[in-house]
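Letters A, B, C and D mark the chains as written, and numbering starts fresh at 1 in each.
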């Protein structure tokens, strides 16, 4: 049986689990059964993906007699699909494991369980689909399934709104992709990817298709300004689903872009690269700025997803530009960086969302202003969450740094590009990337510092308890993946070689054989990084110093109340809060971009009322794009609505007028 | 009338026409509503069976009747939806009687009219004679007028009256167009019955006078377009749907609009045969887009759940019309598929809506919410219906819209952008309402509904299957007709 | 065909047209009804003449129906309604007389413009008649939308239908003409019936002014 | 000198270790020197040169006072900070290029390692949950977010010229002198100095000697620390200063560094020149500091923005001057 068939069986399994969950109904046993089953299937899919990716098997295809009449449903499993299948199902497996424990807290399981399997099925189906119809069908099916999970907690109006915006944006994206496919299939009318690859569309058509793909897939991945649904929808879902939405489904969006632009469109001009790079840079910076300013933990994570998607798209744009100029190795580097980051982000974002979910179950709070001090109540969660934070903040020796380092290396190759626009734009984007990385550091110092460190800001936080073993196991696994991928990046890069070879026609030099397992993307003289050595040095020097100090110098410590320069106040509100932590950055970057407006009214001396701090942050995307749009639609609706209340005579007049107009048309026709 | 008689004894065609016709007087006298409802079901079932027989029947033509690719399937569809609707209406009117909104006396009338409408629509479908087609459509219209007004509430009477007046004018104009066609064709074919036979006219289309032909089409367009519900001839449609009994809303949206569009397409074929005649495609595209956009905007301010979906019917008729306006094998294919899917899904939605209205005791959207908490099954059916109708997979509407948009974009990029905008607008409005109805805290009263969900889910299942896999025969049929449509 | 016959047919058809033009500028309801009755009579004459010309006896039936139903029965019924429901005797116009007439002339011009350039294969009688019929139909519609008064609107619809009959009979050998004219008479009967039953004094869409405007689905007040 | 492979390895290891130990050993001295010079410039006698060593010694032997609600983060952080800074410093070429582990981290990685240290420091500042700690952390992160883009552009400009981000490779190339003097390099140097000042919490961005909490950034974060923990953080700060000095040295004044052949003479020379450079910088820094005044917090963007502008200009001029 070809690999792709096995993949389809996995998908069938997921769907079957959905059906089974519906049959099982709301029984208590349903939760562990469903998640256990999805865990097994997902692990199977991971195995399949790994064997396909590492075994270097030739792409296998299957055509089922369904779908578009006369064309059928084509499915194909190649290196690209395999890699993303790995990402998707790794996340899926972790989420399922986490869900076994977490799902017990779900108050209406029948709104989650039946849709979990189909959601996973949808994502996998997108990766295997090899003709426009099946692709879009699975694409939209995925959106639909995830939508049901977003509105699972349907009694909060905010979630309903989130679900609506999400589904509307998703359909918009789908229609854009549909238009793109319409262009690509136009010459032959052949909707299979193979046919589209063969068909040669005009330059302008290809360009338009690329743009449409960017918009369509970008709206799923969360490119600014198409990201608005993301921070609403991701937090609305149950946390393990949020992890999938944020860590995995956005990657499927990235896959869609890669599949269409790199694979199906094939030939393109370097300006496309420029557009994508700029879009990525803007997304990265804006996304992380949003993130820093959030006080809702899950929304913060969602916005940071936007940032990371931006980083991925920077890499993809560079790859486009290099490939358009026939610079294979550079393209391979950029592409590898992007895919590496895809992998990393899927891992640590899932980890962080699991952590947020743990906090949510332990305290019932998502608002960072009401958390704090959890490191004492939930130590294990704190450790893994810290690892996640450090990885996403791109700190060596963890994995987040490696992918960003690779992206920087690709950026440093940009002077090779002949186009002046790129020459000047790419360094600027590089600076944006650096800015994003630094702000991400700030963002996650805030996240960890406010939630886990400092003193509890609410009784709920003070009473928190550690989460169950399943959840901890899931988080621990992901944390280990972060560390391993950070210290042994060469192996990941080698695993990505087939994908690079497929899309950039060359791959990076093999890394596994290098001395000390170091990472040398281009040439020894050019640049190299060795996570393993750094990790070893850090651990060694740290422990050594500690040991020396403790042995030779004092090791005694004395407990004492907080000093705080002599006037400690024991009310937790005197601490730096989440929004006060963000204040300097808000001031520096937000004033223009987000129309940040802060007002403080201080009671006069002697007045008893409390002082008040009011802050307004306006999202430019809503301010300049969606707000006006919605208003316009409503205005039009109101105008036209008069037509509902005319008298019959007026309606007849309408008919009459139309008749006369048509007759005039006939009269002047030829 | 010779060959109409020759069609007897009991060829499927005759059955399709006779069974309902004969049932009319019977149903008109039976007063016990259970019996009459059952009989109604039985008759509709028989008609459906006859329609199925028609699939096997050979293609035959007479000056009055014709059986060709184009109408066989529509007959099957019509009789099928007619059947399911009769099943649904049996459970629906039971509730109406209990709540005293209807009396058995009215029900006799109701069932008689139901069969009259079914028979008339079948007549319009099978008739080869354009005059006969006209008669069928008009009888169907008048029958529905009767039923729209059946609740005798002021709103209902008002809606029926509006429908009646606009309908009559439409009747007049369509008839004028028909005469005109006859005049033109009679100069070529020669006076008499053959000059009104559609296939004769098509055969000689190239020889006919283009100017008068165009003029005739204009009148037919306005006349039948009124029944298709294309803006700006749509005025009767929303109120008629909203105020009539829900089964009637279902057949109005699911069938009558289709049949009227079918009539228009027959004449489009005629004009397609004449190179000098006016460009029908352009007109249809314009009307289609106007209807689509107009309806999409109107969806946002609706307060009555049935009126909401009535407007969505206008929208979808616009889409189909646009597809036929674009023309070409793929677009026509998409249009036909869209007609089919729309009649299945929209009637399913009305089935659901009817029960919702009965459960909540109101049609005001503002008073309906949290359905998934109080009536899970109904909520699922309703949600699936809306998801299907806005063109989300894996339902059939998605496939038709996929084909339409992807092919149209190559031919009419700008118009297609408008089309997509309209689709998004409509989708937004419907999803917003659907979420409001299905989710949130339950509001208002919520009675248990003892309803048969079978018709609802059968329709949805069919739409689902069609979205994933179209049977070979269906595809062949669509392809054939698409070729005819040019 | 004999030129005289042709001229007579032409004359009668033109008469129908002129009368529907007259309908446009009547401003008293009784007068409107009377003019309509006259139009019906002329129509029946023209139809009868056509039956002679075409040698189609069944058209006589049509002519008879036109004469009886629209020439006698319906006008008397309308007169009764006017008396019963004491509709305002004055016709309230939406557009004043002058512009209406101009529009009417414009419509006539348009219809002739549309039908004239038809190639000569078409039978001249039919063509002439047809131009007039088209004009009559359009004028009837115009009458319906420029008058507020229900009765006038009914009359408008009926004169529209007169146009249809004119066209139908003009088309040589047209099948079903009789059936259709019967059907239309029934339709009109319904409308008149409706006007009477629903006590529509003023506009078509107020099935009783003082009750129904408050009972429209989704009234403006709701918004 | 002909060496067998493993002896070469041993020598390489030794040289690397020498550098790693040197940067730590010498750091307090450099700090002391800057303080001394500064005091002199302010007409004070100032502490003795070796005072920092004594301070560290004292702190190490005191018992550490730890707040009740401090977590393990608070206790581990100083060691992490020190280790990260130390490793970074150990990988910046000082007296010789091409050391054994020079390839294990390039310029970007070194900067990132400092980022790790900063991350730990900021967390430590927030751990106990005081107003000052949070204030310090948030400002520190803000400054970092302003400094990093400039730093990346500096790396970009240098890499444009050297064609690599490998520090020792860059140094080796520039040491040959055939690169010549470039405008871009000058601008990059300027930018790097500004960034360095901000990163090391020197005037005008921060005042290491301040005792007014509201003006503190670095000091505010470590307000709660005492004893050995404080000592580790102080040591880290000193090492960081040395790191930046040697970074400037190896990027912009790489002369005298021992290149490919590690002959004793070359090594000795490299060592000497390196120390000399450190001394010069240690004298120049306080001079610059005394001429300016501490800035308000929200003036930093302008200050660091100038660094960004300079670095960007360096990059773009590089394109132009290459002229294609």
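The rule is simple: a residue touches a chain if its C-beta (ideal position, glycine included) is under 8 Å from a C-beta of that chain, and two chains touch if they have at least 3 such contacts.
Here's who's who by UniProt: A = Hydrogenase 4 subunit B; B = Hydrogenase 4 subunit F; C = Hydrogenase-4 component E; D = NADH-quinone oxidoreductase subunit H.
If you're wondering where the values come from, they're calculated on a predicted model, not measured in any experiment.
Simply put, of B-C and A-C, more C-beta pairs touch at B-C.
Of all chains shown, A has the CA centroid lying nearest to the centroid of every protein CA atom. Mean C-alpha position of chain B (Hydrogenase 4 subunit F) lies 31 Å from that of chain C (Hydrogenase-4 component E).
Distance between chain A (Hydrogenase 4 subunit B) and chain C (Hydrogenase-4 component E), defined via averaged C-alpha coordinates, is recorded as 69 Å. In this assembly, the C-alpha centroid of chain A (Hydrogenase 4 subunit B) lies 44 Å from the C-alpha centroid of chain B (Hydrogenase 4 subunit F). Chain centres here are Cα means. That of chain B (Hydrogenase 4 subunit F) falls 78 Å from that of chain D. Listed for chain D are no residues, as none touches two or more other chains.
Chain contacts: chain A (Hydrogenase 4 subunit B) has residues 641, 644, 648, 652, 659, 663, 666 touching two or more partner chains.
Counting partners per residue, chain C (Hydrogenase-4 component E) has 114, 141, 144, 204-205, 216, 218, 223 as the residues that reach two or more other chains. Of all possible chain pairs, those that touch are A-B, A-C, A-D, B-C.
Of all residues in chain B (Hydrogenase 4 subunit F), only 161-162, 165-166, 169-170, 173, 210-211, 214-215, 218-219, 221-222, 226, 232-233, 235-236, 238, 276, 278-279, 283, 294, 297-301, 330, 372, 387, 390-394, 398-399, 402-403, 405-410, 416, 420, 423-425, 427-428, 431-432, 435-436, 438-441, 467-470, 475 touch chain A (Hydrogenase 4 subunit B) in the complex they form. On chain C (Hydrogenase-4 component E), the positions that touch chain B (Hydrogenase 4 subunit F) within their shared complex are 114-115, 117-119, 121-123, 126, 130, 133-134, 137, 141, 144, 157, 160-161, 163-164, 167-168, 170-176, 179-180, 183-184, 187, 190-191, 194, 198, 204-205, 207, 211-212, 215-218, 222-223.
Of all residues in chain A (Hydrogenase 4 subunit B), those touching chain D in their complex are 372-373, 375-376, 382, 386, 390, 393-396, 401, 405, 408-409, 411-412, 415, 423-424, 427-428, 430-435, 437-439, 441-442, 445-446, 448-450, 453-455, 516, 518, 524-530, 533-534, 537-539, 541-543, 545-546, 549, 552-554, 556-565, 568, 572, 574-577, 580-585, 587-588. Partner chain C (Hydrogenase-4 component E) is touched in their complex by these residues of chain B (Hydrogenase 4 subunit F): 129, 131-132, 135, 138, 142, 153-155, 157-159, 161-162, 164-165, 168-169, 171-173, 175-176, 179-180, 182-184, 186-188, 191-193, 195-196, 209, 211-212, 215, 239, 242-243, 301-304, 307. Partner chain B (Hydrogenase 4 subunit F) is touched in their complex by these residues of chain A (Hydrogenase 4 subunit B): 65-70, 132-133, 136-137, 140-141, 144, 151, 154-155, 157, 160, 163-164, 167-168, 171-172, 175, 178-179, 181-183, 185-186, 189, 191, 633-634, 636-638, 640-641, 643-644, 646, 648, 651-652, 654-655, 657-659, 662-663, 665-666, 669-670.
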